[in-house]
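Labels A, B and C are assigned to the chains in the order they are written; within every chain, residues are numbered from 1.
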Amino acid sequence: MSWTQFFFYVFAGLSLLCALMVVTRRNAVHSAIFLIITFFFMAAVFVILKAELLAAVQVLVYAGGVVSLMLYVIMLVKAEEASQVKQNLGQIAIAAFIALLLALQVGSIVYLYFAQKPAGKAAVEALKYGGNTEGIGALLYTKYLFPFEVASVLLLAAMVGAIVLAKNRLER
Amino acid sequence: MGAVVNIPIPNISAIVPEILATALACFLLIFDLFVPKEKKSIVGIAALIGCIVVGVVTFGYINKHVVTFSGMFVLDSFSVILKELFLLCDIIVILISLKYLEMEGVSLGEYYALLVFATVGMMVMASANDLIMVYLGLETMALSVYALVGFIKLSEKSTEAALKYLLMGVFISGIFLFGIALVYGVVGSTQLPEVSAYIKEHGLKNPVLLMAIILIAAGLGLEIAMVPFHFWAPDVYEGAPTSVTAFISVAPKVAAIAALFRVYIEAFNLMAPYWTTLLWLLAALTMTVGNVTAVLQNNVKRLLAYSSIAHAGYMLLGILAYNQVGLEALAFYFFAYCLMNIGAFAVVIYLKRENIAGDNIEDFRGLAQTHPMLALVMVIFLLSLTGIPPTVGFVGKFLLFSAAVEAGYYWLVAIAVLNSVISLYYYFKIAKVMYMENPEKRVPFAASIPLKVAVFALGIFTVVFGLYPHPLINLAQLSIKSFFG
Amino acid sequence: MYQSISPYIPVLILLVLALAFGVVTLMVAWLVRPSKPYDEKLSPYECGINPLMPAKIRVPIRFFVIILLFLLFDVEAVFMYPWAAMYKKLGIWGFVEMFLFIVILLVGYIYAWAKGALEWE
């Protein structure tokens, strides 16, 4: 086992462990903190997989933005009271269904690997430009130009929507 | 390193309608900042004029066929017809919103900007030649619609509806992305023609792609309000401002069905045996659940919500038929559905008075005595929704059913006809209340002129296109060229 | 394989050192300090006076707008990394593309500013 593989398994295992802590902690704030740690370990996994941009996104957007949004929501609702309530919303059935979907996905990837079918050619293509970030740049601003510009409209619509909904509540 | 990046110069002229619509939305957003709070309807009028201009410009693109932006964007007659439909929806919805928003106490200019943003999203969906584009269009549309649904401040129902819609929406969009990821994992591309080429080369017995077909149907199924993703519809339709309900019951639904059609026909055409089985089941379920549940409703907005679920089921027949007649019928039905469904919701807005929401079936009591013309128009919409001549709904249903018969779906058409009979019962529950019962004490309606124009114009067009459907049929036939030669 | 992650070895060393610093400090403190626990030590310290109210209060909705705007501009910034990495190769067209992207989002920024979403009131 090479060092790369060794670190991959270490970080993957740690991120799994932290993810498990996220769903088992009763205190929602603890869950959120563990979520940040999970995102950091996943960023490390992405670095090992040579997906540096994804690692940066993981830290900037997820560990930075998304978790702070979650923490805000936790603080908006009364977290202490919520943690006392025993919740059973029948989530086990839904969770089992989604877990089944994910298992099918992993299974299909394993199947494709053993069937010697190519599981994607973009990664190889990206290396042509000298790395993941450059590869994404070369694709995003040429082939995926139109989706890129539409994404800005999407972000604008999201911004307006968020302000409209929150401002309405503020001005009551 | 060292590979030179060539940026293919795209055909900008093909996306002029989208550019104009985006510019219009941005303009409305900024323009709104300079308009005083009492005069917000000026923003609405600006939006109205803008939509008409974009509509006229878009119409110039009919009969063209352009694929550009590295195959991401396709401009064909089908997409142009859809874009015209979305803009038509916008125009009608703006007309019925102008006064209604003031009555609900939400005279905010952002309303019109969000409406146009949603339209941009749907226009992108209509022209999407790539699963990523479908997703981005869907999200742009959905995000704007969530905000529109929660527009009434201080209304818990409106807020609850927006939250429900949002939670369902993000969950399902995750599933949709999962489906796209599976396609990308197998094919190495998300472009519809490339997916089709891969299936042609490697055969259609691929479990992962089969899974992707189901997930894509689920992802678009939420906006279609297809069973089993229909639970949100009644609550959201009831809680949203009625003008928004009129919009979301037509435009996003049509956009999602059209996108589903394009994805299945362009990318998974060879896997038709699989997805026709899936859609057969979903269509039968959607029709039946929608119609049977509608029978139990006493709130007109909820009733129309279930009826719109049922209509989505009928429209799936057009995809299933998978032939020229089916596509033509689908395109025709989009317009028919737009006229009659927005019309029915417009009448609900018409009934809105001080302290009366106008969406309870009791509010229709004795309408024939107090407002005979309005009652007549409502009956026209109800006839059309049921599919009884001489209305546009009849022609639409006739075309759809005959396309499905031609494709050999006898049992499904039998179920659909049976469902239409059930729908007769609950649509005429409203008619009965209007004609057979006496009115309560009269409260004058405060309908504005634009609303009156919209309601009666929709009523007239519903009948005119029912008696003389050729202009619409000719328009619908243009879309055939996009897919079948 | 070993070579491929070498640029990140210093990061890993820093990570381990940071972790070790925290753990070692706590361990040493635990070994050295006297241990006399009593209840009063566990109560929140508010400048010597008794606590007035629970420290965990519900946060006003204003934060929501701020965080959401932060998130959206964060995502916008992410799009700039690959652009910056490829800037020289993309040339003038790449500049125009990013310019359009930013202009569209600038509309949102102006809107948010004018609406007072960035003000605290």
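In the analysis below, a residue touches a chain if its C-beta (ideal position, glycine included) is under 8 Å from a C-beta of that chain, and two chains touch if they have at least 3 such contacts.
The model shown is predicted, which means the values in this text are computed figures rather than measured ones.
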{"item": "Chain whose Cα centroid lies nearest the overall Cα centroid", "value": "B"}
{"item": "Result of counting contacting C-beta pairs for B-C and A-C, higher pair", "value": "A-C"}
{"item": "Computed distance of Cα centres, chain B from chain A, in Å", "value": "32"}
{"item": "Chain A and chain C, separation of their C-alpha mean positions in angstrom", "value": "16"}
{"item": "Chain B and chain C, separation of their C-alpha mean positions in angstrom", "value": "41"}
{"item": "Multi-chain contact residues (two or more partners), chain B", "value": "5, 7, 22, 26, 29"}
{"item": "Residues within chain C bordering two or more other chains", "value": "86, 89-90, 93-94, 104, 107-108, 111, 115"}
{"item": "Per-residue multi-chain contacts in chain A, two or more chains", "value": "129, 138, 141, 145, 151, 153, 156, 158, 160, 162-163, 169"}
{"item": "For the chain A and chain C complex, residues of the former touching the latter", "value": "2-5, 7, 47-48, 50, 53, 56-57, 60-61, 64-66, 68-69, 72, 75-80, 129, 131, 133-134, 136-138, 140-141, 145, 148-149, 151-153, 155-156, 158-160, 162-163, 166-167, 169-170"}
{"item": "Contact footprint of chain C on chain B as seen in their complex", "value": "4-5, 7, 9, 22, 26, 29-30, 33"}
{"item": "Complex contacts: residues of chain C adjacent to chain B", "value": "86, 89-91, 93-94, 104, 107-108, 110-111, 114-115"}
{"item": "List of chain A residues in touch with chain B within their complex", "value": "101, 104-105, 108-109, 111-112, 117-122, 128-130, 138, 141-147, 150-151, 153-154, 156-158, 160-165, 168-169, 171-172"}
{"item": "Complex contacts: residues of chain C adjacent to chain A", "value": "1-2, 4-5, 8, 12, 56, 58-59, 61-65, 67-72, 74-79, 81-83, 85-86, 89-90, 93-94, 97-98, 100-102, 104-105, 107-108, 111-112, 115-117"}
